[in-house]
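Shared between the two complexes below is chain A, which pairs with chain B and chain C, respectively.
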Partner chain A sequence: MALENILILAAASLLWGSLLRHRGRTWFLLIASVVVIFWLQPALPIRGADFWAPLATLVLVVLTWYITADDETRKQRKNIIILLIVAGVVLLLNLTRFLSADFQLLTASRPPQLKTTLLIFLITGLTLLALSRLTRFSASFLTVGLVLTIGLFLLIKIPALSLWLSSFLRTLSGQSLTNVSINDFRWLGFSYVAFRLIHTIRDKQSGRFPSVDVGEFITYVIFFPAFTAGPIDRLERFIKDLRAPFAGLYFETFYPAGQRLLLGLFKKFVIADALALIALNDTNATQVTSTFWMWVIVYAYTFQIYFDFSGYTNIALGIAQLLGIKLPENFASPYLKPNLTQFWNNWHMTLTQWFRAYFFNPITRWLRSWQKPMSIPTMILLTQVTTMLLIGFWHGVTWNFTLWGLWHGLGLFIHNRWNDATKVKAAAWATTPTRQAILNISGILLTFHFVAIGWIFFALSSPVTSWQVILKLFGAH
Partner chain B sequence: MNQPIKPLNILIKGLLLFLLFNLVIAAWQPSVGQFSLYNVFYPGRERLPFGENPKQSYNLSLFDLDAMFASHVIAGTPKADDEFRVIIVGDSSVWGTLLKPEETLAGQLNQDNLNACGKNVRAYNLGYPTISLTKDVMLLSYAMQYDPDLVIWMTTLDAFPLEKQTSTPLVANNEEKARELATNYQLRVEADDPNFKKKSLWEKTFVGDRRSWADFFRLQIYGVMWSATGIDQVYPSDYEKAQTDFEADDSYHDLIAPLTEDQLAINALEAGFNVVGETPMLLVNEPMLISSGANSDIRYNFFYPRWAYDDYREIMTMLSQANGWTYVDLWNIVPADEFTNSAIHLTPAEENLLAKNLAPYILENCK
Partner chain C sequence: MTPEIIYPIAKFIAEKILKQPSKIITADEALISSGLIDSFSLMDLALFIEDTFSVRIEDTELNAETFDNLNQLASLIQSRK
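Right after this comes the complex of A and B.
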């Protein structure tokens, strides 16, 4: 989100939160979120794609709601009204194609022809109708939904598949394949949308899915403050806030919200953007001439990624608070934690909680349920490495994200084993506050540098360059 | 405290504070350029900041002379007793387009380890990539505070046309400095010169002048990358060589043959000599490409038709004799294939040749 987007959204939220309060808040959040996903979607080189991407998000969200909602909720008449209103908003956005370019402010480029949008509505409507004709919903729908969402996610994240998708979409729109690139179809917010959808499908499968109407579900998945950079909220928690009466903004609610917003803006647009000028990247990684300066640019990246991401989180939390929604925290001083496990409990917390709930815990339970369970260390190694590899893949299926996941997975395993082996000795040694402080500070420094070196794989695109940077950090290149 | 928020009040208070802050900045016009992280936290730059692609060159163009000089190595290098300080001013050929700092004229002179009158010659590159005598005089006047023992002023005909004097962005955005030069050194500056960019009240506010503020901060931040990489410009692996074939066109800046002194900014040259005062100054007509391609009987190169350049050389010789200036004409010392992307940009080898040609004059001018 650019600064002007944030300021406009914050001003709109402030006005609504203080003037209209609870009146029509649910509608405001729904309609604003629908408009915002079109507004924030960057321009794409494939004709019409910057309109189709947010529309695809909406279709996907509606279909997921349909297969996860219970019979009674699904049949409520208000869902049809909500869907008609959402469709109306999309059609109005589409109709801006008939305005002059100066007034096409809500889409990245001129919206495509209306007939295609209508065709998509028709297909979605017919799909919903077909599903509604089924007398009984089968659990296999959920599995199909899960596989489709994961499939789409892989399509976007695996470079070879992204390239294929770009070529396919270019061919579909009659465009040349000469300049085809994996970045042709940058589907804004899809990483977060996919995780929210997977979360709801899995919760439905395990019988924990709350009853929500389609408007509430859409608002949850594409809630505009958290659409582009999280946090990944849980549906039950979000709905509680959404349904709770909102008395409007008072000093005690406005100040923390305003503080959050300003802190986020400062972190993102002052600190992170300044650090970005000197942070490690593919170009400067090969240009830096000395060990000292290599550390400087690695540190710069380490702080830049934190201030950028936590800044956006603060902004999201601040805007959401102006509207009476308290999104979950995502960062809690992660670089001040004395070990890697605590770092991951405090860095991008909602993502790690997601993986813990939907991958780490189930797989651990499954491994434990074996008739001949494997040894505890092997189990820890397997679960931690696979979890961290998946977190790496969430960012992109590339060699460097794989190495980054592996780095942290192995780091967590080694910390776990080290902690097990030394905790008694460490406790016996750290008997005074000074010794405890020494242990704590050493742990913080070690963890910070472990994480900072890990960021090298994250920041760069090539394992070879990453290795050269690491060698240079230790004066070996 | 359980008071409802009044957004209008918040908006009005916020706007008033914002307005007040901007008005204070507009009235105060703080001069922050002299504060620099260069020469304190990281080494000064070997040449003045200039760059059109900051993300790749870790360098950028700005108009704040204080900030520009504060980032230069000369600002952080106290003159040692055994230093013979040489400053070199001029255009992009001095600054060193496509050349690494050590390959420029100043860099080559430093590598030659010259010794003048028992002192070590240390040359400073104060060239700047636009062609204008007035711009050179402005930089020269600023550089004199660093106590040079010798000034080398590299120039070429294209720095002389009257229309080019104040239109160069560095001069156009520093009217006050230009007027000071007019008052102190008799530089001719028209009272109503339209080239000068006059700042409105809005452009003096923090928001209106945000580009300058951002440039100042970016210059400081890019110091890290300059220190880490030694890179201060983009070095393309391939570029278009200087043009050697021309149209049959003998025009030059709407000037009419023969070229006369009153068509050129000779006054700026004189002002330059006034600026340096007693400090010796070497005026050098820099090397240029002499083409043998199509229509080379009409034009020497992209910049100059033969008639204009020949007249210019005559004028310069006469003027230097009349004024007792030390003038060195090196216009034809470099073969045509040793120019890079312009008729005045030399290869590293020819910069070295130029340094070798100038070395004797440096040694002659020490006291």
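Right after this comes the complex of A and C.
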């Protein structure tokens, strides 16, 4: 989100929270979120794609709701009304194509022809109708939904598949293939949307899914403050806030929300953007020759990525609070943690919790249940490395994110073993506050530098350059 | 009721997870958010609870939000018995 987007959204939320309060809040959150995902989607080189991407998000969310909702909720008439209103909002956005370009403020480029949108509505409607005719609602739909969501996710994240998708979409819109690139189809917010969808499908499969109407579900998945950069909330928690009466903004509720928002703006647009001027990137990585300056740009990147991301999170939390929704925390001073395990408990917390709940714990449980379980260290190595590799892949299936994931997976494993071997001795040694402080501070410094070196793989697109940067940091190049 | 639940869990954590049998874990001591129990040992704890009390703790419930100390864990177990 750019600064002007954030200020407009914050102002709208502030007005609603202080003037209209609970009145119509559910509708406001739904309609604003639908409009915002079209509004924030950047322009794409494929014709019409900046309109189709958010529309595809909506269709996917509605279909997921349909397969996860229970029979009784699914049949309620209010869902049809909600769907008609959402479709109406999309149609109105589409109709702005007939306005002069000065008034096409809500989409990145001129919206495409109406007939395709109507055709998409028709196909979605017929799919829902076909699903509703099935007398037995099979659990296999959930599996299909899960596979489809993961498949789309891979399509976006694996460069070779993204290139294929771009060529396909270019052919579909009758465009030349000469300039085809993996960045042709940037589907804004999809990384987060997919993870919220997978969470709801998996919870439904394990039998714990609150009954929510289609409007509540759409609002949860594409809730505008958290749409582009998280946090990844849980459905039950979000719905509790959405349904709770909202007394509106008064000093006690406005103050913390405003403070959060201002803190976030300061972190993102003052600190992070200033650090970005000197932070490590593909260009300066090859230009800087001295060890000292290499450390400077690596430190700058380390702080930039933290202030940027945690600043965004503060902005999202602040705006949501103006509307009476308390999103979960995503960062808790991660660079001040004495070990890598603690770092990951406090960095992008909602993502790591997601991976723990839907990957790490099920895998660990499964490995534990073997007749002849493998040794504990092997199990820890396997689960930590695969989890961290997947977290790397979540950012993109490329070598640099693979190495970053591997770095952290191995780091967590080593910390775990080290801790296991030394914790009794360390507890016996650290009997005075001074000794405890020594252990704590050295742990913080070591963890911080381990994370900082890890960021080199994350920041640079080429692992070869990353390796050269690391050599330079230690004066070996 | 609750001490019967808390005591064996506290003993399990001290002996098997922390490997410090003499360590006393109080009922309101933070277990997860403090980093006392890591994510791998958390699964051990869940399996121990499932075996001992015959209640299921879901994979998605192994976090500080669901329970962070022995008191909260005991009431979670009690509510499922």
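The definition used in the following text is that the second predicted complex is superposed on the first by the 477 of 477 C-alpha atoms of A that agree within 3 Å, B and C clash if a C-alpha of one lies under 4 Å from a C-alpha of the other, contacts with A are read in each partner's own complex, and residues count from 1 in each chain.
Everything that follows uses one rule, which is that a contact is a pair of C-beta atoms (placed from the backbone, for glycine too) under 8 Å apart; a residue touches a chain by one contact, two chains touch by 3 or more.
Everything quoted here is computed from the prediction, not taken from an experiment.
Room for both chain B and chain C is found when the two structures are superposed via chain A, with no clash between them. Touch criterion met: A:L277 reaches chain B, while chain C stays clear of it. When the two complexes are overlaid on their common chain A, residue A:A427 makes contact with chain C while staying clear of chain B. Contacts of A:L99 after superposition on the shared chain: neither chain B nor chain C is touched. Of the two partner chains placed by superposition, only chain B is touched by A:I297; chain C is not. An angle of 130 degrees, to the nearest 10, separates chain B from chain C at the C-alpha centre of chain A in the overlay. Of the two partner chains placed around the shared chain by superposition, neither chain B nor chain C is touched by A:M374. With both structures placed on the common chain, the touch criterion links A:D203 to chain C but leaves chain B unconnected. By the touch criterion stated above, A:P362 is placed in contact with chain C alone, chain B being left untouched. Chain B and chain C never share a C-alpha pair closer than 29 Å once the two structures are laid over each other.
In the three-chain superposition model, chain A touches chain B and chain C at no common residue.
On chain B, the positions that touch chain A within their shared complex are 1-7, 10, 54-56, 217-218, 221-222, 224-225, 227-231.
Per the touch definition, chain C reaches chain A in the complex via residues 18-20, 33, 35, 38-40, 42-44, 46-47, 58-60, 62-63. Contact residues on chain A toward chain C in their complex (touch as defined above): 203, 206, 208, 339, 341-342, 345, 353, 356-358, 360-362, 364-365, 368, 379-380, 383-384, 416, 419, 423-424, 427.
By the touch criterion given at the top, residues 14-15, 17-19, 248-252, 254, 274, 277-278, 283-284, 287-290, 293-294, 296-297, 300 of chain A touch chain B in their complex.
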